[in-house]
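Working notes, structure below.
We call the chains A, B, C and D, going by the order they appear; numbering starts again at 1 in every chain.
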Amino acid sequence: MKSLETYLRALRASGRKALVPYFVAGVTPHWVQHVEAAVHAGADAIEIGIPFSDPMMDGVVIQEAALRALQAGTTFDSLCTDLAKLSTSVPLVAMTYFNIFHHYGLERSAGKLQSSGMSGAIVPDLPLEEADQWRSACAAHDVANIFLVAPSSPADRISSIAKATEGFCYASARMAVTGKSNNTGEGARVVSEIRAVSDVPTYIGIGISTPEQARAASSVSDGVIVGSALVQIILNGGGADDVESFVGGFRRAIDE
Amino acid sequence: MKSLETYLRALRASGRKALVPYFVAGVTPHWVQHVEAAVHAGADAIEIGIPFSDPMMDGVVIQEAALRALQAGTTFDSLCTDLAKLSTSVPLVAMTYFNIFHHYGLERSAGKLQSSGMSGAIVPDLPLEEADQWRSACAAHDVANIFLVAPSSPADRISSIAKATEGFCYASARMAVTGKSNNTGEGARVVSEIRAVSDVPTYIGIGISTPEQARAASSVSDGVIVGSALVQIILNGGGADDVESFVGGFRRAIDE
Amino acid sequence: MTDSKVFMTPPDERGHFGTFGGRFVPEALMPACLELETAFVEAWSDSHFTDEYRKVLHEFGGRPTPVTPLHRLSEQLGLRIFAKREDLAHTGSHKINNVIGQTLLTKRMGKTRVIAETGAGQHGVATATAAARMGLECTVYMGEIDTERQALNVFRMELLGATVVPVTSGSRTLKDAVNEAMREWVTCVQDTHYCLGSVMGPHPFPWMVREMQSIIGTEASQQLQQLGVEEPDLVVACVGGGSNAAGVFAGFANSSTRLIGIEAAGGSAVGKGSPGVLHGMRSLLLQDEFGQIEEAFSISAGLDYPGIGPEHAYLAASGRAEYFAIGDEDVINALQVLSLTEGIIPALETAHAVAWILQEAGKQIPLGSTVLLNLSGRGDKDVAQVREILRAQS
Amino acid sequence: MTDSKVFMTPPDERGHFGTFGGRFVPEALMPACLELETAFVEAWSDSHFTDEYRKVLHEFGGRPTPVTPLHRLSEQLGLRIFAKREDLAHTGSHKINNVIGQTLLTKRMGKTRVIAETGAGQHGVATATAAARMGLECTVYMGEIDTERQALNVFRMELLGATVVPVTSGSRTLKDAVNEAMREWVTCVQDTHYCLGSVMGPHPFPWMVREMQSIIGTEASQQLQQLGVEEPDLVVACVGGGSNAAGVFAGFANSSTRLIGIEAAGGSAVGKGSPGVLHGMRSLLLQDEFGQIEEAFSISAGLDYPGIGPEHAYLAASGRAEYFAIGDEDVINALQVLSLTEGIIPALETAHAVAWILQEAGKQIPLGSTVLLNLSGRGDKDVAQVREILRAQS
């Protein structure tokens, strides 16, 4: 079992619901401080978005953040260098599109993740069927491969994915790209289908944008991922304080 | 034999070369005075252009004059009324496109020409093959039908046309619509071909714009028709004096 | 079918269809018209020529064009409508059929150059196209106003190697372009053929152009039979000069099919015209009380002609074909309806025929009738104009 | 032909052509891709479906399009050139073949709506056209910059009943329109088919679109045989995503004909790209040193794509097909030459293939060779642009 999964299973065993905020690396010069603020406010793990020019699974907010990060010159290497400044005990999980790793080299990418303190990776455009090579590259570097399950996934696929995912299983609440939503989604159903075939920790993401949504989602799962709503704050010029109070609000709602 | 032809044969017999200026009826309010001035300066017959919206055989000068005449409200009836003011002994020959007569009624048109003192008609878009009805209408009203021969007419057509034409035969000097030209044209050849088959008076027209051209053309024919060059003077604002001196110049050149 | 008369046969030897047609041209052009007549009669009965004509139409022109069942519109209207797809012919309309025939004939006559008139530019582009393909020089006369309105078509013709001459006389539109082409033809008739664009002008043009367009009707009648339609109840075509209508009618002239020509209300020579002589022919013309020719006004440049081909005047007089007019206001709607229901944006000209079908379904066209629409051209040339009109309305 | 390998057969069961292709999509779309694959495989082996597909292509789409011998150009260059005339297909390019197939499949899958991406608008207009004909709803994603540059095509799509959504993300051009269409597809995949416009995207699109375009090559090979050409020496086609090239290549893949794809110099994924993953496929892509996708720049919007279909990447790698690039400066000249000598104004995309033939006659193309040019589309959509360019030059 990869270290990430060991950690997250232990977290679940402790009775704590996981709160996983998402940041786009490099979107501001001080983005690492935002990560620290989130940890300080009670995040259990952090998703580090590596910006890509063509973020097919992302809505306008994360698109915009990725564009700004790229325009600021962010690269896989540069953000890894930035991460060296980060001192935190919570796990970091990379999130990006497959071309970034494909181009950097799979073996080399996995090594880089590991050496930069990222113990997992979410690659939304890399489905199970195409993931063999990447998985073996990760195997050598203790990088957990986190797969998504969608509301449209049929039972047989859910079963394969739940078996293959490492660290946790990402349950998409909605048939939509990342972004805010008022719709409560189908997270509960997706989680129960995953749980029927696997005991891997299962977190709900896609469209969780308010503490209330996070509370509801975490009550039926092992944790929640909060992306666009947080990234929006940073796009609006919010600093570490704003991040801390935003994440803190989610923490309190989940823990209530 | 129509009176026009009797007159023109007599003119030829007298040794005089015919000078036939062309006017667009109604182009100015005083156009009839221009006709009188031409007669005064030695014209032997006058072509009266009845303006038509689509003068297919005319160049820009006569097109423009016809347009002005139409805009001034000139109609077949109105120009006939104007002609009542004209007192002259020389013959008048109408020149227009077939639709004017077709629309007015053939019988009625021929009668109108006769009653307005026009003893001949040139209809350039009415070839021999289509002329039967018009010819019989004219027969009843002593209107001579004047046909054109073109440089492109083959011998058999020249022969038929020369036999059918009444009053005179119009020999086109050039393969072109009306208008000035520097090119001397093929008038001499056309005339000689007509003369080979008929003794009808034969006048050269199309492109005769200077006294020198007129002298040369009349030396090989029985007369000349002068159109665009004269109409241009009137378009330029010339009055009866200008017409008189212009026509006078041609008269002298021909008579030299 | 009216008694035992046979329709759409050759005209009499001087080019008359009943009292219409004929050859009203200056003597200077008579020899050329006679030469053309002889050349056409010979060529048209020479299988080398007609084979070559059909081959070029096939290989270059895209013939046969299909007949498309208009399923959705048929269902909406309670008719069985088929469209003969001249919009799919090269250059986007039936005009190519005629110009391929005439340019081949030009070469056969040993001439090296063609001239043509054009209104919006369709016939000009088609002529320039065929001339390029045949290696002929080409000059196109176009009213100055039209050269401005249709600057892109001027550029198309130039790309194809043609010289476009803006005509500044008269109303500076199509009618004057014909006058000017005739005037110029006089000066160059020895090496130049005048490639007239519709079933109009002096004999043999109305007959020759009809023959060169009759492939539309010949194909359509066979294609309908293959689709199980022995004889359509109606054939509907728009009428400017009348070449696409004549072409499609020719396939059905001696059947019991009703032949319907649709004119633009502002250019309705049958509806509002009277007999007259213009552009070398006796036909029905828009003219004022003094016999001066009036300008036509239509939203569609291709129907903006104050006359109609003489054979149509004859077909109307004899009752064999019927002619109706459609106003500009119904044309845009018809264009939208055909686009939306069938995925075909028709030319504005064609949209007149569509509009009549929309208007008369269940009235003059009994429900259940089988209708052949001649889809004379595509609307690509018109979309900018339609957009402006719809914008102005909204 | 390279050894005994057989080309242009189906990809492996997960959609790979050699190391290219595959299916790199979000899990949310996997079920739709699998459903589509199943539906396509079933339909394509069901003669009811393929008969209907061919019937609509014939009756509505204008197929077969002819093969035109380019006599005058052939003589000038010392070659024997034939053109497969996709410019004569409905909507003016080969794009209609694919959309007719996909919209029929949409109905077969019980879906009621299609979405599509478009660059300049050709695929968008074709999709809107087929959707209108089939009675499907249609939404087209188009980069905001392209909606401004190609406002008339936006209007055409709207006339045809489609909703056009300007895409404001990224470079606001074609690449982003694909991203956006994918994003939207996630939300509506149950009742909506994504009608992709070229041999790109996730499996089964590259294969399915190639199959739906292969009618070009199938027809052309038969037509050439009827013209006495057993096998052309070369087949030349322009390559954007690669659908017209794939379609025509398919008719000659297992002959000894040289297959030549011509890319725009500014969008040359084979010449300047490297392997990568985008839009659901592994293929050759223009990308920077960090794996960020670069924008393509070409005078012709249809070649303005930073990738190429995965099967082309495979054909290039295996040596079966060769790919060359042509710069903007040679494209206008080629468009002019074809217009002047043959009376066909080609699309700017197609003009790339023409330019290569002009450039290589007597060099890479030995004199006397028989060449099939795939004339993928007509230039009407481009004349305004060409006019501006020529004006600016003079």
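In this text, a residue touches a chain if its C-beta (ideal position, glycine included) is under 8 Å from a C-beta of that chain, and two chains touch if they have at least 3 such contacts.
Remember, it's a predicted structure, so these values are computed and weren't measured experimentally.
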{"item": "Both-way neighbours, i.e. chains that touch subunit B and touch subunit A", "value": "none"}
{"item": "Mean-CA-position distance for subunit D and subunit C (Å)", "value": "35"}
{"item": "Chain centre separation in whole Å, for subunit C relative to subunit A (CA means)", "value": "67"}
{"item": "Residues of subunit A whose C-beta touches two or more other chains", "value": "none"}
{"item": "Multi-partner residues of subunit D (each touching 2 or more other chains)", "value": "none"}
{"item": "Arrangement of touching chains [line / ring / star / complete / other]", "value": "line"}
{"item": "Pairs of chains found to touch, sorted by chain label", "value": "A-D, B-C, C-D"}
{"item": "Subunit C-touching residues of subunit B, taken from the complex the two chains share", "value": "52-60, 63, 67, 70, 75-76, 97-100, 102-104, 124-127, 129-130, 147-154, 157, 161, 172, 175-177"}
{"item": "In the complex, subunit C residues that touch subunit B", "value": "14, 22-32, 169-170, 175-176, 179, 182-183, 186-187, 189-190, 274-280, 282, 285, 287, 290-293"}
{"item": "Contacting residues of subunit D [partner subunit C, same complex]", "value": "58-60, 62, 65-69, 72, 85, 88-90, 92, 128-133, 135, 152, 155-156, 159-161, 335-336, 339-345, 380, 383-384, 386-387"}
